[in-house]
Amino acid sequence: MAEITLDHARTIISAALAKGRELNLKPLTVVVLDAGGAMKAVEREDGAAPGRIEIAGGKAYGAVMLGMGGRAQMDRAEAQAYFIAAANGALGGRMVPVPGGVIVKDGDVTIGAVGISGDASDQDEAAALAGIEAAGLTAVP
Amino acid sequence: MAEITLDHARTIISAALAKGRELNLKPLTVVVLDAGGAMKAVEREDGAAPGRIEIAGGKAYGAVMLGMGGRAQMDRAEAQAYFIAAANGALGGRMVPVPGGVIVKDGDVTIGAVGISGDASDQDEAAALAGIEAAGLTAVP
Amino acid sequence: MAEITLDHARTIISAALAKGRELNLKPLTVVVLDAGGAMKAVEREDGAAPGRIEIAGGKAYGAVMLGMGGRAQMDRAEAQAYFIAAANGALGGRMVPVPGGVIVKDGDVTIGAVGISGDASDQDEAAALAGIEAAGLTAVP
Amino acid sequence: MAEITLDHARTIISAALAKGRELNLKPLTVVVLDAGGAMKAVEREDGAAPGRIEIAGGKAYGAVMLGMGGRAQMDRAEAQAYFIAAANGALGGRMVPVPGGVIVKDGDVTIGAVGISGDASDQDEAAALAGIEAAGLTAVP
């Protein structure tokens, strides 16, 4: 049953937002996708701008569709910018290849991805990692 | 302060899903949008098909963008199909004009909309109404 | 491990095409999607027109995204045309709501969908059912 | 009879995947297109991320639509980035101009293209070349 559940997603979001409050981050938006790239759960904190849905969602979408976390995508973009640009075009422009998009694994199996946006990318990623850890799952940034 | 909050959205989703379980409905997807049509919170129950995000989201999107609930849209579609078809085209094809898309008001002010998909449209709407009532807000189906 | 495998997909395609030859159908195109709507395997027989990829793929895509087989979608379209039209718009126009799009289940869990196009819709569906049966999986037309 | 057949496509895919296993590559996705850019056959190995369809497909699509293999496109992108960017825009953003997209010729006639994604681009290309060779056809990387 390697599939992300709504319980997983709620735990991830709740722990990620708690981490954001603990670190005193700006209002965060958290998007949890399943292994096919469809939303499982989303929360946007009060004060977070509306387009943060697309930014957080794009971080998670690129991660799950390429099987490559946002930090790995950023490294690849810095080494070979046109590959990431072209991949993004092929995926309809929906990727946001920066930290804060993190693959979620249950053991060896990818079951989804988390994308967070609102503060600096490194901080967004820290909140995502805290959320995934709280759910007892494995994060691949 | 007529604005939908994350607390509102969580209460709406939680009460709508509880209503779904009480009525023994199929797995539901609940999308809560703000007054600008951006997602505030989303939950998709285990077993709900991935495209239900777009269906539930489309019900809520049409409601908030037209200022007309899904039931009113359906009535209008039956009276004047080309108006709803044209409105949908103008809105990028994102509307789903059937019951289950419900406007959320705080007093006289529209603060968002709820869209639910998964069971028959009338049942989806019943769950949405239960959610909005639980949040102490006013529903316009 | 309720996930469609490449072995499943190969068996489905091979048996579906064999059924097509047995029934002397026109050249068929078979698209097998996973539970998230991404292609697992595709084959287009010699003589099948290029756009059959989109037709077969659209049958499978609508089935898996809505959790409703192509035959059920057709019935719903005949009862409430604008719902299916709007759902299709919300899913980017990628649905083809006719028989030949069949959900694939492993026990109770949806693991993907098969779409076939090339002959009459009823014949396309017969080939899809034969393929899914050969793989020891459950079909929902 | 300069046309790619389903037998060709099956041989290409089977030999390309065998090469991938021989070289111990990550899970591969193989897309075989005809001379018009339509899919002839596709296989995505278990464990390959869903968006690899678009990446592998984009490599093959650019190759057949421009008549220029992925390696040649990458060289051109490094010499004249705006040309490849503009060509990609004109082709709807569907190109992925890196190695692993290989034109397939029967004698002097282009009959299609193969795109592979999953490992490093050079490895993807090696698998594509092995597949095309196994089919007795000519590869233009």
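The letters A, B, C and D name the chains in turn, as written, and every chain counts its residues from 1.
Rule of thumb we're sticking to: contacts are C-beta pairs under 8 Å (C-beta built on N, C-alpha and C of every residue); 3 or more make two chains touch, one makes a residue touch a chain.
Predicted model, so just to flag it, every value in this text is computed and none were measured.
Asker: Rotating chain A so that its CA atoms sit on those of chain D: what angle is that, to a multiple of 5 degrees?
Answerer: About 85 degrees, rounded to the nearest 5.
Asker: For the homomeric pair chain B and chain C, should the interface be classed as same or different, according to whether the shared residue numbers exceed half of all numbers used?
Answerer: On the two sides of the chain C and chain B interface, the residue numbers are mostly different, under half being shared.
Asker: Taking the mean of the CA coordinates per chain, how far is chain B from chain C in Å?
Answerer: 30
Asker: Any idea how many Å lie between the Cα centroids of chain B and chain D?
Answerer: 44
Asker: Where the centres are mean C-alpha positions, what is the separation of chain C from chain D, in Å?
Answerer: Taking the mean C-alpha position of each chain, the two centres sit 25 Å apart.
Asker: Pull out every residue in chain A that's touching 2 or more other chains.
Answerer: In chain A, residues 3, 34-38 touch at least two other chains, as defined above.
Asker: When you draw the chains as points and link the ones that touch, which shape shows up: line, ring, star, complete, or other?
Answerer: Shape of the chain contacts: other, as it matches none of the listed patterns.
Asker: Show me, using the given definition of touch, all chain pairs that touch one another.
Answerer: Listed in label order, the chain pairs in contact are A-B, A-C, A-D, B-C, C-D.
Asker: Considering the complex alone, what residue numbers of chain A touch chain B?
Answerer: 3, 5-6, 9-10, 34, 36, 38-46, 50-51, 53
Asker: Can you check the complex and tell me which residues of chain A touch chain C?
Answerer: Answer in residue numbers: 1-3, 34-38.
Asker: Which positions of chain D touch chain A when the two form their complex?
Answerer: Interface residues on chain D, with respect to chain A: 48-52, 54-55, 57-58, 74, 77, 81, 84-85, 88, 93-98, 121.
Asker: Which residues of chain C touch chain B in the complex?
Answerer: Touching chain B from chain C are residues 35-37, 62, 64-68, 80, 82-83, 85-87, 89-93, 110.
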